Structures are given as structure tokens and as C-alpha cells.
Amino acid sequence: MVPLSWYLIFAAALFSIGMFGVLSRRNAVAILLGIELMLNSVNINLAAFWRYGDVHLMAGQVFAIIVFAVAAAEVAVGLALVISVYRSRRTVVADEIDMMKW
Amino acid sequence: MSFWNDPLKVAADWLLGVFTAWGMPELAANILIGFLGVLILISILMVLDIGLVWVERKVVARFQDRIGPNRLGPFGLIQPFADIIKLMIKEDITPAGADKVVYNIAPMLSMMSVLILWAVVPLAPTILGVDLNIGVLYIIAAGAIGTLSIIMAGWSSNNKYALIGAFRQVAVMISFEVPMLATLLIPTILAGSMGTAAIVEGQDIWYVLLAPLGALIFLVAAIAELGRAPFDLAEGESELVSGYNIEYSGMKFGMFYAGELLHAFTFGGFWAILFFGGYRFFGLEKVSPFLAIAVLLFKAFIGYWLIMWVRYTLLRIRIDHMLAFNWKFLTPLAFTLIMVTALMNALLSGTSTWLYVTGMFLSNVLVAWGALEIARSYSRRERERIEGKRIVEAGH
Amino acid sequence: MTGEQIVFLVVAFVTLFAGLMVVTTRNLVHAALWLVAALFGVAVTYVILHANFLAVVQVVVYIGAIAILFIFAVMLTRRDMRDQGPQMNKNWWFGAVLAVLTFGGLYFLLQGWEGMTKTATSYPVGFDAISELGNALVSPAGYVLPFEVASVLLVAALVGAVYVAFNPRNGNSGK
Amino acid sequence: METTTLIWLIPLPPLLAFFLIVLFTNRSKALSHTIAVGAAALSFIGSMIVFVRALGVEHLGEHPFESAINWLPTGDTWFRIGVLIDPLGAAVLFFVAITIFMIFLYSVGYHNYGQPAGDHDVKGLPPHGATVTDEHGHKHVVPSVEPMYSRFFAFLGLFAFGMYTLVVSDNLLTLFVGWEIMGLCSYLLIGFWYGKPSARDAAVKAFMTTRVGDVFMLLGIAFLYSATGTLTFREIFTEETLHALASTPAWFGMTASGLIALLLFIGTVGKSAQWPLHVWLPDAMEGPTPVSAMIHAATMVSAGVYAVIRMFPLLTADWNGHELTTTMTIVAFIGAFTALFAATIAVAQNDIKRVLAYSTISQLGYMIAALGIGAYVAAAFHLITHAFFKALLFLGSGSVIHGMEHGVLHTGNHHVDPQDMYNMGGLRKKMPITFWTFLIGGFALSGFPLVTAGFWSKDEILADAFGHGHLAVFVTLAIAAFLTAFYTMRQITLTFLGEPRTEEAKHAQETPWTMTTPLIVLAFFAVTYGWVGISEHFPILGGLVPNWFHDFVGHTLAEVPEAPEFSWIPLLTSLVVALGGLALGYLTYRNVKSVSEDKFQIPLLKNKYYFDEAYNFLFIRPAYWFAENVVYKFLDKGVIDGFLHAFGPFTQGTGSALRNYFDLPVINRAIGDGSAEITYWFGGKLRGIQTGRVQQYLMLALVTFIVIGAALYFFVFAA
């Protein structure tokens, strides 16, 4: 049997990788890719806790599904924003979108 | 239990005996047997696929008032094999500027997305790859992989026709997935399970009688999902030459082509499984599993023939019309139908069979009639608007 | 080491490798395709966890819709189809340090937790997780409210996304 | 479907129709009435299913359909609300469903659906008619469609919801909620033609008068809840609870149960228009006729009686079966008195609807009197038969008015009142369906022997009164019955028989099918419903049909009340009064040509015993006086305004001082401007880290998070 720790460490690693992507990529779409990885790592945790706790309590799976919905919403809005920004500014580099700083 | 009643089990037991006698551990033997089973299924499917090439060519010829292949072998039966050999010995070109890895993976994924569907096809009461309790969702998931393969092919070819074709096809596929998923839920509601085996077992009355409109929507969505006429604008020869697979040649093109044919046949099969009782036919399936397979294949061929009939009869539809049709008509209709079906099912459960069937059927007819009335009044307004505009223009 | 452990390790390493490729590869379409691979790995993890429904939904939603959307977005936001310039911002090394620190911190915290080495009880035979999940999602005693809120969120996101991405200049809705 | 689920669902379609019409479809007449009638039909079908299922249950009284949910947490228990259909509920549901559905249908025709919009019709006034030009170029005036058509159906829907809620509820609170919803709707519907001052006044009058009763009723409910801790019928009507209530003394020499019952009964007095709160009902005839039928015959006023029947165990909790208790005496007195009193007024009224209104009051008094002497099955029986024939009569009178309006439009003489019976006459030839159905309804109301429902129910009440020895009640009710037959025949004679007295009556016309169909259906029930309750002891006929009603409804209570022994006296009495009244009425009014020949236009009766004037003098004028002189002139002008006038200058002075010596220097300069300058200075220094780059922000946030987290972990949790 796989111990719970493996899943948690796996998820933590995926989370960190996603976070690196979010912090370091220039392209806004790539930043969103990193966010997806982070959300997925959270879902792994939720599913793992469901399996290793009482399988009759469905909270883990339910919230994994809600995370799916949130991820879908986030991607839809995020990409729409990126495309909208691209249309007006002709760039998707996050560092160059800094009009609103002051 | 004899071979004729449960061939799969008997064969597996026999093989297990043989392998363990050879000194193989039981787990390894089981895995090996599983692989063998998959291999055999896929081989049979590929042979069937070759047959489908012939069927398709013959049928299209008949629709177009021709004879079709008739030189090689009786009725031209050898013709597809000749085609295969031709495809195999053709030069396999990878265009310069193409993304090689992605370019080469795409056709495999395309073929795979079709083949994995057969894992949940209940061929006979005892012959079923996996009895997944989420069978119908699995169909959509496999379709998602097909979508991916198309966009990979279109993008990696480094060709704008291919890319545009892929864009169109993907837009259509992810759009029509919505009503398809919605109609897949109708058998789910009726059978109370998402497993394909349970859906077939639940069809004491074919679901096409309980949800004729659902069956129709599923067929339309399936044809769109397949990218066949009248929804074949992804390949639109006159505009895009051939769509996403324009740069492919040789056996890679063959895989796309074969994948498409098998996909159409598979959806014919799923149509039969979900709405026409699958392998069930007045108790014939109980006589022998082989008879059950024959029944299923026969029904699948009918569905496949219907898809071909549509393809070679109707004209191509413009992309925006098609997406508008999906989002503004088919999707709301499918959702309405789910709600009506669920409601009627809950209301009528426990009543007599006749009342149940009649009620379900009539509710479907009512929904269809309402949808058509709404569409008709909308199109009348639209027509009047345009005609009014024309009159004004003519006045100037 | 049991078969399940081997499978898990293989899947985990493939997923992590794919994840790393997502955040490091220069070609964004490749990054999106690597994301697909990573998401598929996660789906397999769900299967190992007996969460079949989640696995299939993962494939349908993430691979079938989200990844495709990403590829679309990547293609729509590039004037030519080549990537030029650096793909990392100038603080990338600091991001890497932070990511390593986060992982280290999480690992450190997890180590001290007694539930860490827990192993799962055997999966109950004949347990219909899907009906349970369905009931939990829509029964008032379960999670119907979060579920409904999530659906409202989806609708809001749908409308918002259409509104934000809609270009009135070449849109065809101008009557 | 589960029967209980179905019962829960019965009230909902009309409510849904109300909201749909109000929110979405109020611009479309066809859609609105389709929705409303459809909703009424749905509820009707549901009610019939429930009724039929209720018939199929053995011992429904002990095992009624009931279902309840937790609603309101009250400390450590729950206040539960739910639905209950016991035999009484089923019987009431039956007639309520039929009459409501019929009234919905009737309203379509009554409001002239399908006719053109009027030339100068305005919202808030009855339609005046529209001028149309036919193919020959002749102009005709035809009835025009009601301008607020959709609104009417919306109100009707809400009203039906209130009634169904009241019938199916298993506790006093939801019953009261339905009761009050009906009160509101009654107000809205009576004042439907709010352009007419009389309608406005009538609406306010109805609302205020019933409010008096409702306040007492709410008091009763509160008393009951504090005494027993529950409002659910079946929990109250247990042996122990009733016994406890009956043995608790309260004020005025009554027991707690008696006092509660009395308070609840006052609510009924308001709702069912019993003396002395009867004054609103005749004025309520200002509303459109379907409303009159609905509120004032079939449903709302019946609801009052229904509530008393529901509360009957409470009413009789301390009754030993012979001597009437204080409360019962009051109830019996008010009922009997009202029955006689209203009947005398009805004799002198000329407005076709007003006669019926007083007749309703009188008949309700019958039921109340029956309850007062403990004959609750008879009361329930009369309640139901009365609902059928009175709805029939009201709808018939509406049909007559409608036909007369047609005549008025034809002649164009708008000064002719289409409701005055002395403008009618001879309508039987013009409106045959209306005539025959009205005749049936009238005979049923008079208690025409053997064939009509009214005879059987009325006879049962008289028999009960006689058999249990309440002779005063018996005699009063018998006289009232005689008067009833008399004025009914007067009405029929004046309206339908003889020759037309005006030009308008000559041009009256039969009404459309949507109006006549309900008449026919109701007429059917007005005749046949009596046959389900024929006493076994009745000579010859008794026993031919089992006394189903008595068995069925009687089982609502734990102990089935005994039917009194058969006696010839009440039977003969009812035969004599019914036939005698009818005959006398016909003979007296056979040849009456105009009002001046009417011998019964006694001023006292004509003016309803001057009750309106008395109330005006006793309550309304003092209230006005109090409002004008005490509240307005003294309190408002003198005390409050004076105080304000003194307060103003004082405040102004203080304010200006505060402003000059505190606000401007301290707050504005030092605190206001000073903080802004400090913030500005800090902002200038800090703007450097505001790069506008999301990822840098994120990094900063993470660094902060990690530092704080680590610090917390090591210094707080680990330490």
C-alpha cells in the first residue's frame, strides 16, 4: 500500500513546481498554467484525504469537484482577460502590463 | 459452463492454467492474459476497420449512383487491402518546420481515442472489457483525447490550413460535447447507472421509445463529434484542402482515416447500446454470447449506415451556423429534455409500463414540438427582418 | 515494494517531470501539452486512489476543455508562431528559491504530523462511491449549497469571460 | 405520488400563477388567464385525487393523511408545520376545489375575454363598453374587456392559495396565515375597481372590520400556544390536553378552553360576517361578481365556519353533552340571532347581490347556531351544501347582471342600474340556462323538500336543535328559514318571472359558455350533494342511500356524535316553512310592478337596522374626532412641534460654537489635513515598491507568509 505521506509529498512538490511557474514565467498564459498545477496538487490532497479517511464521508471528493469548477471558471476568466489585454496592448508579458501601478 | 456460454471466462481459465504450468507467477499471468485480450480485441477491430473502408466506399458509391470498387476480388472485397498496402509503402513525409514529436504522436492519439472506447462496449452479457461505473462519462473523456489529437495534428503541421481546420474541428467538438453529455445522462437517469452494462441490462424497453428525442440529439452530436458531413467543415476541401490532416501522408494519414471510420462505427455501436438495447434482441442474447455480438454488430451497422446516409445526403453547414445551432438550439433543448425526462421518470415511476412508456414518449414529442415551434417563430422573425431590410434597400 | 507503489512512483515521477517541463519549456504550446501530460498523471493518481469519477472528470474538464483553451489562448496571443525573447523574468532565481523553500517548509511541517505514515484501509467491496458522491452533492444534509454556489460561480465566470473577451469592434452583434 | 406529497403541492399552483402573472405575463390577457385557470385546474385535480384516496381509507379519522416538517426552532423543540387531511378536511377540500375552479373559469367570461378594449375604459373602473362598426357600417356598443384583466387573475390565484393553505394546514398558525392572506386578497378584490369611491370604502371597511375579529383570534392562538405549547390540531385534540384545558379556570367564569374557543370564535365572527361584525359583507358586493361568489359564498366566509368546526373539540371540551357552556351559549345565540336578523334585512333589499349577501350572513348564522348546540356534522354538511348553492346563486346573479349590462349597452341608458331587481323581470326567456340554474340554487337555499341539497342540510340542523331540546334556537331558525324561502322566491319572481319592467331587461342576453358551464356544474352539486347525507331515520328515503356524510365526517372526532332520533315536528316545520315561504313569496310579488308597490320596503329593514349609522356614530366619528383634535391639534401641533421649535435655535447655537472653536481648528487642520500630509509623505516614500508587476507582489506576499509562518511555528507553537 502507498502511505499517505507519498501523496502529500507528491502534491507538495507539484504545488511548488506550479508556484515556481507562477512566480517566474513572463507569459501570462504560462502563469495560468502554473496556477493549474497548483490547483491540481490541492485536488490530489483532497482525494488522498478522502481515501485515507472514512470513504463514506464524501467531503474530499465534493470539494475536489468544486475545485474543478473553480479552476474552469478561473481559466475562462483568466484567459479572457489575457486575450482582452493582448488585444489592446499587443503583449501578454506580465511585467509589461503595469499601467495601473500608480 | 461451456465455451459457448462464456467464452471469455473459459479461455482465460484455460490460458491461466497453461501459463502457471509454465511456471509463471499468477499475477504476471493475469496481466499477460489481459494484454492478450486487449490485443485480440484491437486486432479484430482493425480487421473490421479494413472492412469498413470497403463498406464506406460501396455505400457512398450507391448513394452517388455508382458501383464502387468491383475489380479486386468478389465485389471488390480485396480493394481495401490494396489500399492499405499502398498507404504503407508510400513515402512518410514529415514537413520541414513541423514539430516532429507532436506531429508523430497526434495520429497515434487519434487512433487511441477511438480504440479505448471499446473498453466499455458490452459486446455480450459476459463479454465486456471493463464494467466501469462511469461508462458514459468515459465516452466523453475519450472524446477529449480525440480533440487533443486533432489540435496537436493541426498545430504541429506548421500549415495554416491545418491549423484553421483544427481550430474549427476543436471548436465544434468541444461545443457538441455539451449536448452529447446531456443526452448521455438520459439513459443514465433511466437506467439509474452510468455503467454501459447496466444501461443495456436496464433496457427491457428500448430507451429510444422512452427518449426518442434524446436518441436524435445524441446522433446529431455524435455526427458533429465525428466531423462528418454535414458538420465536416474542418476538412472543407474547397477552402481548407483537407483540414488538420493535410500534411500527413502514408500510414499516418491512414491512421486518421481509419480512426475516423472506426469512430463512426463505434458511435453507431454506442447509439445502439444507449438507445436500442445493445446486444439484446428478444432474448436472442441469452442463447449464445456469439449471437449477442452479432446482434450488437448488426445494430451498430445500422447506426453506421444512418450516419453514412446523412453524410452523403446533406450539405455542409457554415461554422457560425453550426455553433449557433449547437449553443442556441441543441444545448438548451438537451438540457430541457434532461429535466423533463428526470421529472417524468420520477412522476411516472411505479405506474404501469404502458402509462410509463406513453408518458415518456409523449413528453419527448411535446418537448420536440415546443422546440420546433420556438425555432420556427424565431426564424420567421429573422426572415421578416431580413426581407424587410431588402425591401427598404430596394426602395433606395 | 508492491505493484501499487511502483505504479504510483512511476506516475508521480512522470507527473512531476511533466510539471517541471510545463514551467520551464520555452515553447508555450509544448508547455500546454506537457500540462496535459501532467494532468493525465494526476488523473491516474485519482484512479490509484479509487476516485474513478474524479479521474474521468479530470480528463473531461482539464484535458478536454481547459488544456484546449490554453492552446487556443496561446495561439491567439502570438502574432507569429515562434517564441522569442526570454521566457523567464529577471527574478526567476528568487522564484525558484521561494518554491524550494515552500516545498521544504511543507515537507518539514508534514514530517512532524502523526497522520503522515497512515495507510489506507482496504476499499470496501461493493461501495458505490458515485451514488454516494451524487447524494452528497445534492442532498440538503450534504453539500448542496457549496455545489449551487459553484454553479453560480461558473455561470458568472461564463458571462464574465464572454463579456471580457468580446471585441465590439469586429463583433457581429451590432444590429 | 405519495398522498402527503400531493397535499403539500395542492396550494402551490395558484401561488405560482400569482407570481408568474404579476412578474411576467401581466401584459398578456390570454396567457394570464391560461396560467391562472391552469393552476386552478391543477389544484382541482390534485384535490380530487386526494379526496378519492381519502374515501378509500378505512377509519380516516384515526389515521388521516398527515405530514409535518420542522419549521421554527423554539428553544429546544421545534415548531412544526404540516398538512393534514382528515374526513372534515377532505370534504371541505372537495367543495373548495370545485367552487374555486368554477369561479376561475367563470371569471374568464365575466370579464368579457375576447371582446375589444373599451373606448374610454380606465384602470380601476368597471369597463363601459366598446363601440364597434359591423360590416354594414352600423355602430354597436358591445361589452368591453376588463382593463385590469390579468391583475384580477393574479389576485384570484393568491386567494386560492390562501384558501387551500387554510384547508390543508394541520395547525392553527398556517391556518391563520391562509386566513390573513385571504383577508388581504379580499381587500384587494373588493377594491378591485378602486376608481369607484364606494369600492374603496367597502374595501377598507371589510379590511378593518375583519381585522377586529382577527386580533381576537390571534389572541386566542397566543393563549392556546402558551397554555399547551403546540398549535397542531391533532396534538391539541388529545384527551389529556383537552381535559387539562377544560379544567383550567380562566376569567369570567369560563374555562381556559372556553375562553380560547370564544376568542377564536370572534375571529370567525369577523370572517364569516356574524352579527355584530356583519356590516362589511353587503358592502363587499362592490367587487366584481366572481369575487362576491368566491369570497362571500364559497370560500372565505366558509373558512370562518370551517375554523370553528376545526376547533369544535376545543369548543366542547368542557361540555357534558346536555347543558350548554357559556361559550356555546354565546355561539348559539350569535348564530341564531344573525340567522334571523340578516334574513329580515334581506327581505327589503332590491340589489340582487345584496339580497344574496344578507342571505349568506343568515345561512352562516345557521351553521354557527348548529355548532353552538353541538351539531357539528350538520354544520359541516350545511357548510358544504351552502357553498355549492350559494356560489351557484352568486354566479347566477353575476350572469344576470352581465346579461342586464348587455341590455344597458344596447339602449345606451347608463342610468339604469343593472343590479336593481326592479329593473328586471321576465328574464327566464332571455336567459334560460341562468334561470333554471338560479331556480335550482334558489330552491336549494329555501330548502325545497326532498330534491335539493339545502333541504337535507337544513333539516338536519333543525332536527338537531329540536332533538336536543334547544327550542329557542329551533324556533328562531325556523322563522329564519321561512324568511329565507320568502325572500328567495321574491328574488326569483322579481328577476325572472313576469314581464320585463324596463327596455334593458328586454334586451338582456344569455352569457357565454365559460359562465354558464360553472352554473350547470354547480347546479348539479346543489341538487345531488344533499343525497349523501340523508338521515337513516328519515321515513321511506332514509336508508335507501347510506348516510355517508355523517359517517365520514363524523369520524373526524374520536367519538362519533349521535344523530338525534327522528321526529316529525322538525320535518313538518321545514316542509311548511320552505313551501310556505316560497308560495307566499310568489303570491306577494307576482304582480308587483315597481318599488312603490313593495310592501316590505320598511325603512328599518331597508336601512339594515341602522347598523352602519350606529357604527359610524359610535366608532368612526369618535375616531375622527380623536385624530383631529387630540392627535393632530394637541399632540402634533402643540406638544411635538412646540418642542421642535424650541429645540431648533438651541441646536443651531451649539452647532455654530462647536464649528468655530473646535471643528475648524482641531479636526480640520490638525487631524484632517495633518493625517493627509503624513499619508502623502509615506506614499511618496513607499511608491517605489509598487512596481505594477504581479509576480513581484506575489513573491513579496510569499516571503512575508514564509517569514511569519516560520516565526509563528518556531516561537509560538514550538515554544
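The chains carry the letters A, B, C and D, assigned in the order they are written, with residues numbered from 1 in each.
The working rule: contacts are C-beta pairs under 8 Å (C-beta built on N, C-alpha and C of every residue); 3 or more make two chains touch, one makes a residue touch a chain.
Here the structure is a predicted model, which means the values were calculated and not measured.
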item: Mutual neighbours - chains that touch chain A and chain B alike; value: C
item: Intercentroid distance (Cα basis), chain D paired with chain B, Å; value: 62
item: Chain centre separation (chain B, chain C; CA means) in Å; value: 28
item: Residues of chain C touching at least two other chains; value: 53, 57, 65, 72, 89, 91, 94-95, 98, 102
item: Overlap residues in chain B, where contacts from two or more other chains coincide; value: none
item: Shared interface positions of chain D, touching two or more other chains; value: 693, 695, 699, 702
item: Contact pairs between chains, per stated definition; value: A-C, A-D, B-C, C-D
item: Chain D-facing residues of chain C, complex; value: 89, 91, 94-95, 98, 101-102, 105, 109
item: Touching residues (chain side chain D, partner chain A) in the complex; value: 687, 690-695, 698-699, 702
item: Of all residues in chain D, those that touch chain C in their complex; value: 693, 695-696, 699, 702-703, 706, 709-710, 713
item: Contact set on chain A toward chain C in their complex; value: 1-10, 12-27, 29-30, 32-34, 36-37, 40, 43-44, 47-48, 50-52, 55-56, 58-59, 61-66, 68-77, 79-84, 86-87, 90, 92, 94-95
item: Footprint of chain D on chain A - complex, ascending; value: 19, 22-24, 31, 94-95, 97-102
